[in-house]
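Following are the structures in question.
Two complexes follow with chain A in common, the first pairing it with chain B and the second with chain C.
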Partner chain A sequence: MLQTMKHYSKVSLAHLRIAVLTVMEYPANMLGWLLSNPIQFILGFATIKFVVEEFGSVCGWGYGQLAFLYGISVISHALSMIFFVQGWFMGYYVIEGDFDRYLLRPMSVLYQFCFTKFNLVGITDLIPGICVFVYGCLQIDYVWTLKNTIYILVTLVGATFIRGGIYLIIGSSSFWTKSINDFGGYTQELFDKTTMYPISMYPESFQFVLTYLLPIGWVSFYPTAELLGIPNGRFAWDGAVWMTLVVGIIVFVAAAIIFKCSLKRYESAGN
Partner chain B sequence: MCNGLAVNWRAFFYVYKTRIQKTLAYRFDVYGNIIWQCIVMFATAYFWKALYTGYDTVKGVQVEDMMTYTIVSSMMSLFFITFVEQRVIQSVEKGTVATDMLKPIPLFGIYFFEDLGYTTSLIVQNVIPIFIIGSIFIGVPVPHSTFMLLLFIPSVIMAYMINWLFAACFSTWAFTAINMNPMVQVKKHLIRLLSGCIIPMWFFPEWLSDILNVLPFVYIYQLPLDIYIGKYEMGILLQKMGIQALWLLVLWCLFVYLQKRVTKHVLVQGG
Partner chain C sequence: MLWEKYKSTMKITVNEKCSSAYRKSDHMIQVKNLKKNYVIAKKEKGLGGAIKSLVKSEKQTIEAVKDISFQIAKGEIVAFLGPNGAGKSTTVKMMSGILTPTSGKIFINGKEPYQNRKEVVKDLGVVFGQRTQLNWDLRLGESFELLRHVYQIDKETYEQNLQVMDNILGISEIIDIPVRQLSLGQRMRGDLVAAMLHSPSVLFLDEPTIGLDVDGKYAIRKFIKEINRVKGTTVILTTHDLGDVQELCKRLIIINHGTIIEDGPLEELVERIAPYKDLVVEFYDEEAVEHPKAQLHKQKGNVAKYRFQKADITAAQLIQEISEKKSIKDVAIEEVTIDDIIRIAYHRE
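Our next item is the complex of A and B:
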């Protein structure tokens, strides 16, 4: 067991090294994203701030608290981009027969799919996320005790797994439909609209869906609302921070099972 | 001369027609666009509803006007989808720009009529469904008056041209840049955030809206929408339409200049 884990981490490190080398080979490409992604997120937050300042608050959230929420949302988005963005492109892997290579190697296919291709461009999303988050912390005087720091980390891990799991589940649909199903843009839009704003502004039926059926509410809204002590709607649970981690693990395990079942339908590419 | 022009129109019409047929063949794109735009439309509508709780009028605008604003803006963003950048990037990358240039009609003329064909098919397939969905779930977007509706139409047409010319000017960059994708993203987000597409100018701080009023972006979304909801008096609106026409002229001149410059320098590798 220990031996296997050692082997797996060694393989991942080797791939991480390759990812870094690839980025260094094309610095201009990285520079382009380094400019475009921060502009997108920082401007996005600036517009929210202008509006909320005009009105005072939205569903009991001031703009400092919204910055905190937005920060958690963008940071977890960035982490999910680094580790799980392949889920968005699974359709291309299915159609072009790229799983052949993974199936031939003596390692778990899911592990190879997730952890042998690191998308370092995701780091360019991390920077604006951290900026807005720090701004939010300063606005609301967030106290950085050990407990609070752990809460933030637990939330981010859980949130990243929820996002990654959902990308995998959506991507797995390609095995069944045998088409590319590139849902990346829609997934991103849906996540943006449900994790950057408090979901308590939506009708209750939609809040229910976001809590139980498509658990995006746990990515940022419930844990942040609990940490900052803001009313969080009808479907909230106590201990939302730990629930985020639990939901993250459940979603990811479910995604792994769905992926495994779907992989059985894989037929490789042929003519 | 006259005869040559007539032939050109037939050729343009042919490009236009082919593009409509091509768009009708790709069903998934159509549903995808509707899903994506619905997510944005509903999220924005609920955001405004939540903000307006406890307020009747903010900055002279009622919540009903904001709902109309949101629906019409959603319809317009489908109307304003352009492919000219992607088209130029791909033809430069693959070298097909050479065959496009061999055709007996101007290079950008082909791209314009392709986009126009796409827009035409989108009106039936996307803009009307969005109008119906928005009317049922949010409220019928009634224009301020019949006269304003009549003024809205030329303003939208000018806005369409400004948007297209801006994209075309921008796309000429692809003849020299290596990777345009991050820049295309920046442009897309700048236009969405600074044109009044999602958040109207009047919520921005004065210094920022003063700057933006000088730039062409607000004449893409903000002005036609201002006209639709009757935000300003007739005199001010007509004055603004004058500036819009002026921007159209400036961008046209810039476009003619850039187009001449870049097509002279095209170098296609390979034989």
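Our next item is the complex of A and C:
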């Protein structure tokens, strides 16, 4: 077990090195993303600023608190882009037979799929995320005690796994439909609309769905609301920060099981 | 010098592996009653058909591989031949653990690939001629370095293996070039090295010489021969290039419509399908002579073509006997080409 973990982490490090080398091979590509991605998120945040200035607050959330929420959302988005963006493109892997190579190597296929392809372009999302988050922290005078720091990290880990798990589950459908379903755009739209703003602004039925059926509420809304002590709707749980981690693990384990079952239907590609 | 040293160290490890394999089974690879079905949705023509298949989809089962059995001993080089879509690649993919068989059994070194995938693939090298496992963007060496970690090859063995393969394929000339800038032949050499870095005892090659020029093909064939001779690697290759078969394989398995239609040495197949030769004789006039052991197959002007069974008479004897009856101007012996033989085998039911 320890041996396997050592082996796997070495392979991941080797792939990380490859990812860095690849970025250095095409610096202009990275630069392009570095210009376009931050603008997209900063502009998104500017819209919130406008709304708050017009209406004072959103469902009891002030300006700084919204920035904090937005920051958590974008940072977890960026992390999920670095580790799990392949889930968006699983259809291509299925149709073009790209799982062949993973199946031929003496390592877990899910591990290889998630942790041997690092998308360093995701860092360009991380930068605006951190900027808005730090801005929010300053606005509300967030106190950086050890406990609070751990809470933030736990939230981000949980949130990243929830996102990654959902990408994987959606992606796994390609094994069944045998078509290239590029869900990336829809997925991002869905997550943007439900994690960047408080979900308490939506009808209760919708909140219920986002809490229990499609647990996106846990990505940013519930943990942030608890951290900042803001009322968080009818379906709130105590200990939302730890719940985020628990939900993240549950979603990811479910995704792993679904992926494994789906992989049995893999048919490679004809030459 | 290093080569000799390498050979002696390899022999020890090969023998060790060999004995443990033999304990489990007599053969490196055993395939029993292997079947693979694909289910595809039947689509009808036009919008009406599309709606119909949406409401009630008609499923059709395609038997890509139906009931294949064979055994391959350690150290054999075996070619899989067959027309496109015959089931060669499907069989190779099942043997390498990529596809799950519908029914039947496969044992590689005594283990079933779809049940012990990780265990089996550790000892497997696979090259798909039409796609690469090399990292497109980076220098070739980076891909090798990565595989060193994936297969947990220690640094010393890694350097040694690389050295050996450099001797055969001249890989050090191209190791610092980005893979995207390699020619197809160079890339193929890279892929072969990548597949053999961890010294697997079984090597699957799916159309390894496809699209290569004569030099490229020569290099690949030389590599396969050397690796088989030195390391005792069992090699299974699918190909459409009969040169590969003639150069490399003592045994050939022809697959068509998902079943094995031939399995044996090439010479035996030639013997069975074309046990005859043609003798073309040019006389001084248009009158050909008859011979009891040769059939006058064709005649055009003063050139006559005799077909004779190799078992009945030798070409030399036939020439002599004909020339005794009538003077001969020129002779030529025609053998059926291997292409023709394979084509006959494909179309025979």
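One rule holds for everything that comes next: the second predicted complex is superposed on the first by the 270 of 271 C-alpha atoms of A that agree within 3 Å, B and C clash if a C-alpha of one lies under 4 Å from a C-alpha of the other, contacts with A are read in each partner's own complex, and residues count from 1 in each chain.
As a working rule, a residue touches a chain if its C-beta (ideal position, glycine included) is under 8 Å from a C-beta of that chain, and two chains touch if they have at least 3 such contacts.
Remember, it's a predicted structure, so these values are computed and weren't measured experimentally.
Superposition of the two structures on chain A shows chain C fitting alongside chain B with no clash.
Once the two complexes are laid over each other on the shared chain, residue contacts for A:Ile258 go to neither chain B nor chain C.
Using the contact criterion defined above for the overlaid structures, shared-chain residue A:Ala14 touches chain C, although it does not reach chain B.
Annotation: apex chain A, arms to chain B and chain C, angle 90° (C-alpha centres, rounded to a multiple of 10). Of the two partner chains, chain C is the only one touched by A:Asp100; chain B is not. Of the two partner chains, chain B is the only one touched by A:Tyr202; chain C is not.
In the superposition on chain A, no contact is made by A:Ile42 with either chain B or chain C. After overlaying the two complexes on the shared chain, residue contacts for A:Glu54 are found with chain B alone; chain C is out of touch. After superposing both complexes on chain A, the closest C-alpha pair between chain B and chain C lies 9 Å apart. Across the superposed pair, chain B and chain C touch chain A at no common residue.
Taken in their complex, chain C has these residues touching chain A: 38, 85, 89, 93, 96-100, 117-119, 121-122, 124, 126, 128, 130-131, 133, 135, 137-138, 142, 145-146, 149-152, 178, 206-207. For chain A in complex with chain B, the touching residues are 28-29, 32-33, 35-37, 39-40, 43-44, 47, 50-52, 54-55, 58-59, 179, 185-186, 189-190, 193-194, 197-198, 201-203.
Contact residues of chain A toward chain C in the complex are 7, 10-11, 14-15, 18, 21-22, 25-26, 97, 99-101, 103-108, 264, 266-268, 270-271. The residues of chain B lying in touch with chain A in their complex are 28, 32, 35-36, 39-40, 43, 46-47, 49-53, 55, 58-59, 178-179, 181-183, 185-186, 189-190, 193-194, 198-199, 203-205, 208.
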